[in-house]
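Report on the structure given below.
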Amino acid sequence: MTAFTSDNVSGIHPAIFAALSDENSGYRMPYGNDETSARLDAAFSDLFEREVAVIPCTSGTAANAIGLSLLAGPINSVLVHERSHVYVDECNAPEFYSNARLEPLKGANCKIDPSEIDRLLTTLGEAHSPQPSAISITQSNEVGLVHTLEELSELVDHSKKGGLRVHMDGARFANAVASLNCSPAEMTWKLGVDVLSFGATKNGCMAAEAIVLFDQNLVKQAKYRQKRAGQLLSKNRFLAAQLLAYLNDQLWLENARQGNNQMKTFVEQLSGLNGVILPESVDSNMMFCGFSQEQNRALQEAGLAGYLFEDGRMRLVCSWATQDSDIDGFINCVKAAI
Amino acid sequence: MTAFTSDNVSGIHPAIFAALSDENSGYRMPYGNDETSARLDAAFSDLFEREVAVIPCTSGTAANAIGLSLLAGPINSVLVHERSHVYVDECNAPEFYSNARLEPLKGANCKIDPSEIDRLLTTLGEAHSPQPSAISITQSNEVGLVHTLEELSELVDHSKKGGLRVHMDGARFANAVASLNCSPAEMTWKLGVDVLSFGATKNGCMAAEAIVLFDQNLVKQAKYRQKRAGQLLSKNRFLAAQLLAYLNDQLWLENARQGNNQMKTFVEQLSGLNGVILPESVDSNMMFCGFSQEQNRALQEAGLAGYLFEDGRMRLVCSWATQDSDIDGFINCVKAAI
Amino acid sequence: MTAFTSDNVSGIHPAIFAALSDENSGYRMPYGNDETSARLDAAFSDLFEREVAVIPCTSGTAANAIGLSLLAGPINSVLVHERSHVYVDECNAPEFYSNARLEPLKGANCKIDPSEIDRLLTTLGEAHSPQPSAISITQSNEVGLVHTLEELSELVDHSKKGGLRVHMDGARFANAVASLNCSPAEMTWKLGVDVLSFGATKNGCMAAEAIVLFDQNLVKQAKYRQKRAGQLLSKNRFLAAQLLAYLNDQLWLENARQGNNQMKTFVEQLSGLNGVILPESVDSNMMFCGFSQEQNRALQEAGLAGYLFEDGRMRLVCSWATQDSDIDGFINCVKAAI
Amino acid sequence: MTAFTSDNVSGIHPAIFAALSDENSGYRMPYGNDETSARLDAAFSDLFEREVAVIPCTSGTAANAIGLSLLAGPINSVLVHERSHVYVDECNAPEFYSNARLEPLKGANCKIDPSEIDRLLTTLGEAHSPQPSAISITQSNEVGLVHTLEELSELVDHSKKGGLRVHMDGARFANAVASLNCSPAEMTWKLGVDVLSFGATKNGCMAAEAIVLFDQNLVKQAKYRQKRAGQLLSKNRFLAAQLLAYLNDQLWLENARQGNNQMKTFVEQLSGLNGVILPESVDSNMMFCGFSQEQNRALQEAGLAGYLFEDGRMRLVCSWATQDSDIDGFINCVKAAI
């Protein structure tokens, strides 16, 4: 068991747990017809500085899959990075919900190369090919890097030229906002994002994600697809309570800053240690780090190792819950193994 | 807001909430690879007096849909009652997950007429018809009635003659066991049930259902379908904690008895009141009751009415959380409106 | 082997076979990019007195399923008669292609009762139900009856009130036009039909049906769904050649009249024979007729029997190919068995 | 219009057309219940020297998609070459029918690199990945190359190590057999192929492909999926007649030899011409050839050009119908443009 395996090894943030407790009294109408659920759209509209509609879900996979199903159907394809979570870690869920194909694109650092979009767009109108209708961009992405607003803008521009709609996988949306120090609006609809998977589980909730719809025309489809997916909870109020507490007093942003800052501290302490190969840049709360064989072994034996990838690097993730003592313990083990 | 709208208007049982709190410390491996999750199969195997495998879900719709998808595929049909929850209240979810058709069968009191099974089985081998491969039986059912073991046995026998496999929608499984005073085993695999949706949300959990597999051959499909559905939670430990607390010290059964008993009290107090038309029999924690127009109006105005059905009867449901004062309030309103 | 089993026991009409032969010379561009295929839209637009788009298919099941998939999706239902071909004889194909549910409606004589439409429309907006988005009407229908234009109009009007779109299963479209002596336009788009399965196989073609789209907005989806279904033939020219020959010189109508007329003759000769129970009305080339047990047995032994239905009646179908001698042989057998 | 665009620019072989004519008399039972259809299994069993079951289809896309759906389901993936027809030219049909993902693999000359299979097999047991269950191999392949029996054997061996089942896309199966001079058995089930798409349309039929099942356990699923796909024709006899004529007197092999030989002649005449860049090897009836800009332009203007690919090479295909004069015309144009 290790603190750095993922940000989802953490538990429920105390403020969110308190909200669950507060919500646990009296009778409430089921299936989202309660007053807590009714406050969701307004809370997210405040956050995004415009009217949005919100579909709460219990997992990021469901949020991504329902979200994509609103932008791509049976005759379509969705452009994704070949190492994106939707492509490699969701066991056909996006295809299940959308009936579309995912087209794996290349690009350094887990960021889609814009020229790859252009390449795929040449299949528009081709009678034998699924027609590209959407792109999915992960922010912050699967290697912990954050697209700059300029990079996002470039991806969106290439996509919109072909009429594609834009989905953002924001499982770690908060960490990206904290990193860029921009507003949620600037990172989404102001750039042209149509549907956002707004992650909350990894950053302090128990099991709560929000599909944020910037296009009201998608709401009806989204609501019925949520139900059809088994994602409309009878006691939806507890899902709403988590999300509201998450937004309250900028907890979402504070938690993300905390995770990002702990990673900064972590990197500083790893920096310069023999055997340690840090990545060129660390943007958020996650990074991939190389260690010597001895260090890898020592970390493994101490139960401190993160997941080892094919290229030999170890994935390390901080969260709102990461303690200084976790970092100290890890650093001590690395030093001892030099 | 009314106490009797459904059993899902209740909150989280204190013992289950305490389990969530206990679980909320330290780091745990995600996606069910934690020690709490690892205890699920054994706990349910104890309950069912044989080895079972368990797939936890966050909604009954997801549990039913995944469960049915294990027993029926694209060329198949599933026999269901025409008023069953899977047919009328899950917005195509069973078809979405299984690609099979649901065949709506008739039968009094929301119980499938066994001769309807025979009728459908005549399509076996017919080249132009989807092939029946499964039946779904709700226990206790959509009008709160409980199939006797003999009735279940008859349905299963007719089904097995045609090679059908048997799914039980046990959204209110506990209430049925409490009503029949039998063991979970006697009501399921000993009769031939292959897959059970074991409900827990309505009876004290926050959002937790368990697909119970009595056939180990289904486990691999079930696990990957759970993931593909977006039902494999990263912080699965909180789902497991709910279910374990629910099983602990027979809380599931105690809660169901409490709900059933409150309904008994409720019926006794309604009995003989002018304008009130009670159903012939009340088996569990739910019933459909007729009231005079004045009473309906008065209940509506007092915010005490349950859901009114097309035939003019009101659905009333008790739960583990139903208070004597809830019953008193309702009775007083009815009496005042006579 | 019997002449009256179905109209599809017939072969290929000589004029259509000649067209196949004429088409069989030289090289042509594949996948519909040939000159013969290019003439389809214009030929059907002439027939329907307005611009239409045509998607050729090799089976009525494919035509119906693709057609319905344009009008109903995963969150929808399609209203159909409980004894319609799409519901009972296509093995989940409409659900496969559309992901929608088929809602079986009641109605005498295989015609949907308009009040059934109203009943289903009450689920519009209901959060737990698939949303009705289309109706499918078979013309002429599964028992050989033809909706009058007034009856069609009534069904369409009830449907349009709920925003439903209208599909017509015209596997025997020509027989209906011949029966009503109206124009194809009057029986379709002038009433509000959006998509038509225009049958040709039963009435003289080898394997050719046309999806006729009265709404140009559906064309792109239709073309890609045709390809995705495996219904875009490389040698599409032979499919187009069949359909063009079928339309040429009103062959489609002549063939249908011939089938209808042979049925009239058949009925006249059956009329008044002992043991024979004719239906109240015979509108087209198909009917269901009762015979005495002896007659049924004699017909069976002589290899002249049609398909016997559950109610004991025999289905009898004439086609463009039905010979007077076929009728004579059948009548003689019936008479001999009296 | 050009002779070399594809082998499907050809028409119907006279012997096959004659079979259609012979079949066009009298009444026959529909939906494959006729005597001609009944002969299919035996004819193919003779060809393959063992018992096989055959599902006739009207397109290669349908044959591939139904075939793959027998070997892979919603939780699975199918390993394919990234340039294979099933991946790039069937508009999501394999995913539509199977609900599985296609995993695009690399490999020179459109042949899957066996090490790519090993790489994908590392996802077996991985909880977040679709599980590989099948591989699809095209023979002869999309660039006209033929896998040797050794190459096929190697691909199958790597696949079987991971428990994969084997599909062969044999749209140009006959050309491969003619090229290898082996038996159909040697190229399929003797190596471990489970399901074969046996192409006939490109090689002389009008619209006829056969799914050949080497595993009797797949037959029931296949038959109902054929019906559900809309691929069970009412006048199936004409589909069967094409296939039987195609097998008769080794017409399938003669036609393929003719196509291959014409390509040999074509290559000989192109060889050594200025500006012409022939591929390293030409195995069957298709190849990709480079021309000078002048030649490309001249061929285009003369209406003789084949399809130009991204790398600037032109695809050229011969068939049973290719005339010496077609080759002469092409060569003359090339020579004139040097």
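Chains: A, B, C and D, in written order; residue numbering restarts at 1 for each.
Throughout what follows, contacts are C-beta pairs under 8 Å (C-beta built on N, C-alpha and C of every residue); 3 or more make two chains touch, one makes a residue touch a chain.
The shown structure was predicted, so the numbers you read here are calculated from the model rather than taken from an experiment.
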Item to check | Farthest chain relative to subunit A (centres taken as mean CA coordinates) | outcome: C
Checklist entry - Across the interfaces A-C and A-D, which one involves more C-beta pairs in contact? => result A-D
Next on the checklist: Centroid from C-alpha atoms only, then distance subunit A to subunit C, rounded to Å. What do you get?
Outcome noted: 50
Checklist entry - How many Å are there between the centre of subunit C and the centre of subunit D, using C-alpha atoms for each centre? => result 33
Item to check | Gap in Å, rounded to a whole number, between the CA centres of subunit D and subunit A | outcome: 42
Checklist entry - Among the residues of subunit B, which are close enough to touch at least two other chains? => result 74-75, 90-92, 96, 99, 127-128, 130, 224, 227-228, 232
Checklist entry - Based on which chains are in contact, what kind of graph results: line, ring, star, complete or other? => result complete
Checklist outcome for this item: Interface with subunit D, subunit B side, in the complex: residues 31, 69, 73-75, 99, 127-128, 130-131, 221, 223-225, 227-228, 232
Checklist outcome for this item: subunit B partner, complex, touching residues on subunit C are 74-75, 77, 88-92, 95-96, 99-102, 104, 127-130
Checklist outcome for this item: As the complex stands, subunit B meets subunit A at residues 1-3, 5-6, 8-12, 17, 20-21, 23-30, 57-63, 65, 90-93, 96, 201-202, 206-207, 224, 227-235, 238-239, 321
